[in-house]
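Structures are listed in the sections that come next.
Below, subunit A partners subunit B and then partners subunit C, in two separate complexes.
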Partner chain A sequence: MKIKKILIYLILLTIAITFTLPFIWMFLMALSVDGTLVISPGEILSGDYSLETFKNIFNLGYSQYIGNSFIVSILTTFFQLLFAAMAGYALARFEFKGKKLVYRLILSLLMVPFIVVMIPLFIEMKYMNLIGTFGALIYPKVFSAFAIFFMRQFFLSLPRELEEAAYIDGCSTIKTFFVVILPQMKTALATMGILAFMGSWNDYLWPLVIHSSDTMTLPIALNQLSGQYTTEWNVVMAGAIISIIPIIIVFLIGQKYMVAGITNTGNK
Partner chain B sequence: MKKVLSLLTIFILILAGCSGNKEASDGSEETTIDLALYSVTADKEDTLKEIISMFEEKNPNIKVNYEITPYDDYFTKLQTNIAGGNAPDVFELNYENSVTYYENGATENLSDLLTDEAKSGYDQTALEGFATADGEQFGLPASFSTVLTFYNKDLFDAAGVEYPTDEWTWEDEMAAAEKLTDKDNGVYGLVTPYSYNEFYKTVAQNSGSLFNSDYSEVTMVTPENEEALNYMIDAINKGYTPANLGPDEDTNLFKNQKAAMLTTGSWMFGTFADSDFKWDVVTEAGNTEKANHYFANAVAMSSSSENIEAAYKWMEFYTEDPDVQKLKVENDWETPAVTNKEVISAYEAKSNGEDRSKVFKSLENGVNPPIPAGVSASELADTIDGAIQEAKLGEVSAKEALEKAQEEVENLMK
Partner chain C sequence: MLEKGIKRKITLFVFLGPTLIGLFLFMILPLLVGLGVSFTEWNLISNPEFVGINNYVEVLKSPDFYNALKNTITFLIFYLVPVVSLGLVLAVLLNAKLKGKLFLRITFFLPVVCSWVAVSMIWMWIFNFENGALNQILTFLHLPAIDWLNNPKTAMGAIIVTSIWKDLGYVSFILLAGLQDVDKSIYEAADLDGANKIQQFFRITIPAITPKIFFVIIISSISSFQVFDQIMILTGGGPGDGTTESIMMLIYNNSMNYYKMGIGTAMSFILFVIIMIYSTMMTKLQAKVDHYEN
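This part shows the complex of A and B:
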């Protein structure tokens, strides 16, 4: 029995080390003075370490890019949740002509890769005079087929009695939605919120083609640290560490909702 | 209800606020030109701002907007912008990608705008790199880097080998590499990547060529090319050159005094500046002729630009004005491709002991990779690279590898 336990822990430990090693390596590289890519075990302890690289990053204007990323991610997440919840509610509860068609169209959008719509979207932004603005970064990302689908599934699992009680007490549809229904959806909102925030924070292709110097987000700025011929890996790694911190915080806060949310998705 | 409405209002206001109105409001006839750049890294942005304000001072009616995109993604963004009808007036191109943009008609012909006087201010090798075979100039060279042989003087002294010279041939280089290689201490005589970039250049050093002069035929399998490839393989088989190099491994070998000679670019001057051993550079050894790989970046004008005059003014100012070039040199930008003596001596004065005149000397015999019409430079490089790798591992002979490359490149060009 004991041997079995030890064995299991040994295996788990090996897996844990395998998965955390890249992170540890990233930290070591970020702290190293000359950014040597290959460090042998002997050098780990004897190497030169300093926090200089992090200072340099902020000297390069990274506080602005971090701010931009927060603006874009928070607004995108907020409006995506709002619209997805409203659309999902309508699709789950209301009866109207063409409802099935609308729902299927939204689902079919899940299958279209973003790159296909990128250039049309770009031209659209151009005519709306939005290129290089925060609007262009946020506006197309506010609609998410997945978020609508996700929300709809959750609304379907809510008992109708809740709304019926609200109606009998004289609540309007909109008030029912915001005051009675939405508070029941905390798990779903938190799960979708984390996913939306992570997606937006890490989004690369769209911000890349549409950004201007003033609206550059962190992932794009991060790549700016590598040059045409050479790359200073310690600076890149320090930038990468800065960029994952918010994601880790958001995930830690929302983790319990997220896990609960995922286990609930299948319920109907 | 109110809540929803107010939320929607906020949303619309945010969008409206962000879109802003960018048109000039003072009524004067101001031209604004947009630039797209990649070679300006974050630490060089301040210098760019300085150059722009110098330009705007001289040309009060022109306003310059710039946008920097990291090199890795620059071309994705540029393509989308051009396809979306939003091309910047002036954009930066490197040699390898420039042909594609020219062929697709994205660049403006600058031949008529370029005066003879302005022409003579550029390094001719670099200038011709951005002109078509029939002389159409589609870009002005902004900067270049050359590939050189870096050598560790201390290791040469220890092995009692004379320092390399510009006159060295492959034979001299191999003889020196043999004496310098010290397998017990893990010292390689000649660290050089086994890659397409090295291959096409080694071929040129042996008077060979991968294509005929008008690119109508692939001439991969010739005695010259075979000899060149065998020379590269030999160095690996004899242990003078490492068979596999990880990312940055070649420069780390040199930094750690495990490489007596290293083939790399002039962009490494800064990296090796504070080494605790003596080193210098020399142009690469040739066989029947000298050939050195050079990289060049240029600025090109969009064919859809409506501000041709203003855009051209900026292009010439940015690439040729001596004060601008000196400012670039001072701030460690890539070497300007100009003939101005003051700029060159300012660049040479930035040396930490290395002989920077070799950079210009190697450009005299500068070559860059062949790019047949309709084939992307990276596609060609990957194809040939794949074919020659097998020869390195000894699975096939050099000749067989070249035959494979011949066939695959022919398919690529169909």
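This part shows the complex of A and C:
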């Protein structure tokens, strides 16, 4: 048994190291002075490294792109959570005409791939004169059938006692929702929030279609950077590292919610 | 809900209104507009011209579409089979009672949370002809260097390897969640009956996690049908004439580069139908295969 366990450790460790190598190379490359990296251990240890490239990245306008990415991701996440929680609550608890229809509609919208609405959304944004604005990047991503469905499922599993006590005390529905219910759903909000933030932070296709030089987010900026600095790998990797640091911090803080959220829902 | 009459209506509107308006403006309306546009010829400058089902006919006759379909299906098969099998192996290893789970979890999940652009940058260098990591290793072994991303024979393979690396942690953690739900007493009973570990794996583990395996296969297939980011960034659909171009890239190029909105929307609806047919088939297959739950 002991030997078997050591064997499993060794295999897993080998896989883990191989798995991490590309990241290690990325860091070493970003630190390299001339944008080359010889991967033999001797050369890696004796190489010239500096943080100079990271400074240069900020001279290329990266502070603006980081800001843009934060604006888009935070606003998208906030409004997606707010609207999805409210709609999910209504679908789980209220009785009203057309409730079944609304629920069915949301279930069918779950199946629609983004590409089917992408071209018409582009046309819509063009007619609303929104191309090149942050609104164009944010609005279509705020309303997520998946998030509404997720929240509804959560409310169905939430006991009614607390909110019923609030209603008996004469609290309005809106007040009950924000004061009594929202504090009970930290896990659901954290899970969905992290998924939404990650989706928005890493989004590539929609920003590619709709961005302008003023609203460029990090993935788009990074893609352009690699087009301009094709041979300067240190610049490209420094840009890549800067673009993944925030999401890695979010991941390290919320990794429990993130792994559970991604593996239970299949959304990434 | 306590409110009555008009107050009740207002409350209902506060909760559902924004969502319904948003879903209408950014999902339902685009769906309808897209369907309409798919029956027209339109370059966004002149007026749209009604052409009936011509766009659909044109797409289904065009060799570009079948080339993209072939590339997409090639990607799907050669990505899905390894990522699910390797994911299963990794999940089984991770299911052992181990210390350092947090470290392993973070390691295998790191590529999952990074953007496709950042991941592609790393692998673009690894596959680079001049001084990429892979060719450094080949040279060290006295083998000829290969221009991985610019060689029609290797470009799709390089894209697939990158995709497997990014998604392996994702797939294996979904399967691991399934493994952790398997009742341990079943294994103890099998031990008593003298079943060896390999028999146990195929007779107990695999049937028990069949629903999870189907779940992984279905969601990974749906995302493979829509493969775009990594191909766009790594090869741009090349080398040469669309050797790695996927359906999504064809839709993107037609609409955003050539401004053929009718062709682009028609293609996106065809892709939608393909995905729907595929998902329905897989769900039916799952119902046939999966007896364990009942």
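What we mean here is this: the second predicted complex is superposed on the first by the 244 of 268 C-alpha atoms of A that agree within 3 Å, B and C clash if a C-alpha of one lies under 4 Å from a C-alpha of the other, contacts with A are read in each partner's own complex, and residues count from 1 in each chain.
Here is the rule we use: a contact is a pair of C-beta atoms (placed from the backbone, for glycine too) under 8 Å apart; a residue touches a chain by one contact, two chains touch by 3 or more.
Please read these numbers as outputs of a predicted model, since none were measured by experiment.
Aligning the two structures on subunit A places subunit B and subunit C in a clash. Considering which of subunit B and subunit C touches more of subunit A, the answer is C. Legend: residue contacts after superposition of the two complexes on their common chain; A:Asn223 is shown touching both subunit B and subunit C.
In the superposed model, A:Ile174 lies in contact with both subunit B and subunit C. Applying the stated contact rule after C-alpha superposition, one finds that A:Leu182 touches neither subunit B nor subunit C. Looking at the shared chain after the overlay, A:Ile123 reaches both subunit B and subunit C. Touch criterion met: A:Leu60 reaches subunit B, while subunit C stays clear of it.
Of the two partner chains, neither subunit B nor subunit C is touched by A:Leu107.
When the shared chain is aligned, subunit B comes close enough to touch A:Ser212, but subunit C does not. Of the two partner chains placed by the overlay, only subunit B lies in contact with A:Gly135; subunit C stays clear of it. The superposed model built on chain A shows that, among 58-66, 148-156, 202-210 or 238-246, the segment of subunit B colliding with subunit C is 238-246.
Residues 36-38, 118-119, 122-123, 126, 139, 172, 174, 205, 208-209, 220, 223, 226, 233 of subunit A touch subunit B in one complex and subunit C in the other. Chain contact summary for the complex, subunit A toward subunit B: residues 36-38, 60-61, 75, 79, 82, 118-119, 122-123, 126, 128-136, 138-139, 172, 174-175, 178, 205, 208-209, 212-213, 220-221, 223-230, 233. Residues of subunit B that touch subunit A in their complex: 1, 3-4, 7, 11, 14-16, 18-20, 38-39, 41-43, 45, 66-73, 76-77, 80-81, 83-86, 94, 145, 246-249, 252, 265, 267-268, 271, 295, 297.
Across the complex, subunit C meets subunit A through its residues 1-3, 11-12, 14-16, 18-20, 22-23, 25-31, 33-34, 37, 44, 90, 93-94, 96, 98, 102-118, 121-126, 128, 130-131, 133, 136-137, 140, 165, 168, 170, 173-174, 176-177, 215-216, 219, 222, 226, 228-229, 232-233, 248, 251-252, 255-256, 261, 264-265, 268-269, 271-272, 275-276, 279. Interface residues of subunit A, counted against subunit C in their complex, comprise 5, 8-9, 11-12, 15-16, 19-20, 22-23, 25-26, 29, 36-40, 83-84, 86-87, 89-91, 93-96, 102, 105-106, 109, 111-124, 126, 139-140, 142-143, 145, 148, 167, 170-174, 177, 198, 201-202, 204-205, 208-209, 218-220, 222-223, 226, 231, 233, 236-237, 239-241, 243-244, 247-248, 250-252, 255, 258-259, 262-264, 266, 268.
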